[in-house]
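A short write-up of the structure that comes next.
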Amino acid sequence: MPEIAETAAEAVSAVHSGATVLLGGFGNAGQPMELIDALLDSEATDLTVVNNNAGQADAGLALLIKERRVKKIICSFPRQADSRHFDEAYRAGEIELELVPQGNLAERMRAAGAGIGAFYTPTAYGTALAEGKETREINDRNYVLEYALPGDVALIKALYADETGNLVYRKTARNFGPVMAAAAAHTVVQVEELLPAGALAPEAVVTPGLFVDTVTVIGTDSGTAAAKEHHPALRSQGSKTTTAAEGA
Amino acid sequence: MPEIAETAAEAVSAVHSGATVLLGGFGNAGQPMELIDALLDSEATDLTVVNNNAGQADAGLALLIKERRVKKIICSFPRQADSRHFDEAYRAGEIELELVPQGNLAERMRAAGAGIGAFYTPTAYGTALAEGKETREINDRNYVLEYALPGDVALIKALYADETGNLVYRKTARNFGPVMAAAAAHTVVQVEELLPAGALAPEAVVTPGLFVDTVTVIGTDSGTAAAKEHHPALRSQGSKTTTAAEGA
Amino acid sequence: MNQGLSREEIAQLVARDIAPGTFVNLGIGQPTTVADYLRADQGITLHTENGMLGMGPQAAPDETDPDLVNAGKVPVTELPGASYFHHADSFAMMRGGHLDVCVLGAFQVSATGGLANWSTGEPDAIPAVGGAMDLAIGAKEVFVMMSLFTKDGTPKLVPECTYPVTGLGCVTRVYTNYGIFHIDDDGERRRPRLVEAYGLSAEEIHNRLDVELV
Amino acid sequence: MNQGLSREEIAQLVARDIAPGTFVNLGIGQPTTVADYLRADQGITLHTENGMLGMGPQAAPDETDPDLVNAGKVPVTELPGASYFHHADSFAMMRGGHLDVCVLGAFQVSATGGLANWSTGEPDAIPAVGGAMDLAIGAKEVFVMMSLFTKDGTPKLVPECTYPVTGLGCVTRVYTNYGIFHIDDDGERRRPRLVEAYGLSAEEIHNRLDVELV
């Protein structure tokens, strides 16, 4: 059973300085903004962050970078119209960048979660992003060796959790969540609602509870949108224990 | 959109002699028995078969082996109380056996579906099943190199398909189905019911339709059991196009 | 000078040439506009790298959903038959060769189908790749949309890419304002073949390119 | 001769020692009986390799479901909080170290925690491995249940396995009819430590084993 954290601050207390933190989300969808804000309010520094991007505008990850608390970022697409804090830190030589093609990034975390030490991927063969890496020809195709990318802590966002930690997501907000939950030693999830065990249909669970260590309930736009629909994982007999409004 | 086959015989016509055939199921659960029976009635021979087991009693795969139409079997657990046809063929030197730990078997097919050429797995390191294989130490752990295992055709069983080929499964009958669907060049599925596009909730689809080439409707015990429940993937507004009773 | 086809006309040609019933990924930027010209009767299923098949058109301004976006992070919609999956599964679909076509933009395409579209290689540029390299090597066919020449007239279909490559030998067709090229493998090597010409004659195109055409 | 504990008593000890709130896989055969002694208040979640967490007890004869079986293909039940997943995901859970404990039977366990439980090594035997090797190296802790001696009195806790191994250095505890052994890593090497003795004295156990105990 996961720990239920009353506040986002408590939920992110597992992130220690020097940790590798996997941050979920693709754009705003699935981004655990409130957990990242809590991380910003914490003392944690000297972080290695894995995220698809490198922060946008003056919020969340961008502010962590602005405060120089991210020593290294592992991502696929740092440069964006509003990535000015990353751009500045990078040009100043004050942040290390490991640029990884998006699919290799996802697969490296998937490998970490699945106990695979390394794998041969065709992506990036012959490009600058494979320079210095081992290659191998298998059945007339060329591959690059990539290693598993585990995290100390994952901060992700899901739609519903049940008390056993089972998670379901909403639409394209699923993105990196399930992969990061499995790849991290400690997984922290912000959800719109926490439901009793048995409220989620076992066929429709996306992230089984054994990947989840801490759950905290935070209402966002996703919950508002979900309230207008019937999510298929919700069993009709499942009554809600904590709604976003009642919760932290 | 997948082809809808009227009969099991038509559905398995994609299996040619010499093909590598991935057969789903773990015990009876998820086993596409009617497709295997149709394969038995076909002319296909000289097959390489991938399945967790090597046939039981006097049915399905066991009969294919009895008729010496399987030149090689790749499986994790051939020896069973009622695997007499395999035992006999094996002792006579008339079938080749590649014994693969169950998780490596699943992961090798997963790699094939995911375009991964090979991967380093800790399973079987230091055992007879890793003899002659490449090994590598990564972060103080020992791994064995295993290669992707693609199929020419997969024969699997699911619960429902929609007209776009999206699949959902029932309970532990899911087992190898999703992995084999992605690993084979051509995937044939027997389902209890075929539903219109839109009848399956997109959040609850397990195998997206792009992995599915042929669907045929065959009623079995699974459908009978499912009829007493509400599968979470079924949207209430989805009306059924073909039920098992009406179908082939 | 005759500019050949407009961007919209190029997108129309790409849409015309995508086979019915296929699974297609449209890259960010110009390739996205191809969706505007796909006909419903083509039965094309769109994939977006952030975890969806069966993506519908861009969402109306008053019907956007924060949890339903495309690879460009633009709000989109869901069609009947859609499905959602996580990032590793989404890129497994590409890498595993399950997508029939992806359409990408390019700085350069080489005569053997090498693609350069992720980096200008300028020393002070901040690099970013996203899913470009995964898409380039993943789909069964890679269609590129680009102008055939830069503003100063330099060809973008080149003997070898001078920009950093995204993938080797992966492009199968190049849709440009002056013509469509297929890059076929004749068993010995891959070479571009001019299939349709627009605004310039085939001879003029041959003369202005430093690439041997079939 | 005193036989020490019965199989049921060994299963009870294993059940007692599984930490509350953990995720556990019980191997086929004798290990399955551990489930009979787990208390509800321990909050143990059972994993079955064929794709389920939250597995409940064996199904009553009139309530079996053809699509709900355990790794031994025996009909089982589903508990609240259960989830289903495919085979690659199921074994990823093991291999990725997400299960806290697995319980396995054994022919032999070596002094350094090597496990032999998949093959007798007889030349005419038909080999079969199932999920044994995946489980052996996957769980954080591997508990073995076995008799300490064969019927002819040969120890099964041995300096080195003579049977073909399932995994190296993977066993953390050995539950036998005569005693419980923990195989700890003292920083230099792994060695068994006799934690509890039954039916025989600690000295008798030491004398009958060819293994150096801590």
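By letter and in written order, the chains are A, B, C and D; residue numbering begins at 1 in each of them.
By definition in this document, a residue touches a chain if its C-beta (ideal position, glycine included) is under 8 Å from a C-beta of that chain, and two chains touch if they have at least 3 such contacts.
Chains and their UniProt names: A, B = 3-oxoacid CoA-transferase subunit A; C, D = 3-oxoacid CoA-transferase subunit B.
Nothing here was measured: the structure is a model prediction, and the numbers come from that model.
Trainee: Which neighbours do chain A and chain C have in common?
Mentor: B
Trainee: Comparing the two chain pairs, does B-D have more C-beta contacts than A-D, or is it the other way round?
Mentor: Of A-D and B-D, more C-beta pairs in contact link B-D.
Trainee: Please compute the C-alpha centroid of chain A, do the same for chain D, then give the distance between them in whole Å.
Mentor: A distance of 34 Å separates the two centres.
Trainee: If you average the Cα atoms of chain A and of chain B to get two centres, how far apart are those centres in Å?
Mentor: Computed from C-alpha means, the inter-chain centre distance equals 32 Å.
Trainee: With chain centres taken as the means of their Cα atoms, state the distance from chain B to chain D in Å.
Mentor: 29
Trainee: Centroid from C-alpha atoms only, then distance chain C to chain D, rounded to Å. What do you get?
Mentor: 53
Trainee: Spell out, as numbers or ranges, the residues of chain A touching 2 or more other chains.
Mentor: 107, 114-116, 121-122, 169-171, 202-203
Trainee: At least two partner chains per residue is the criterion; list those residues in chain D.
Mentor: 52, 78, 84-85, 88, 91-92, 94-95, 138
Trainee: Give every touching pair of chains, nothing left out.
Mentor: Listed in label order, the chain pairs in contact are A-B, A-C, A-D, B-C, B-D.
Trainee: Given the complex with chain B, which residues does chain D contribute to the contact?
Mentor: The touching residues are 48-52, 65-69, 73, 78, 84-88, 90-92, 94-95, 119, 124-134, 137-138, 164-168.
Trainee: Under the touch definition given earlier, write down the residues of chain A that touch chain D in their complex.
Mentor: Spelled out, the residues of chain A in touch with chain D are 1, 112-116, 162-164, 166, 182, 196-198, 200, 202-203, 205, 208-211.
Trainee: Could you list, by residue number, the parts of chain A that touch chain C in their complex?
Mentor: On the chain A side, the touching residues are 26-30, 52, 76-80, 83, 86-87, 90-91, 97, 99-104, 106-107, 109-110, 121-129, 142, 169-179, 206, 221-222, 225.
Trainee: Across the complex, what residues on chain B touch chain A?
Mentor: Against chain A, chain B makes touches at 107, 111, 114-122, 136, 138-139, 141, 143, 147-148, 168-171, 201-204, 231-233, 235.
Trainee: Could you please specify the touching residues of chain C with respect to chain B in the complex?
Mentor: Residue list for chain C touching chain B: 21, 23, 43, 45, 47, 52-54, 78, 80-85, 88, 91-99, 138.
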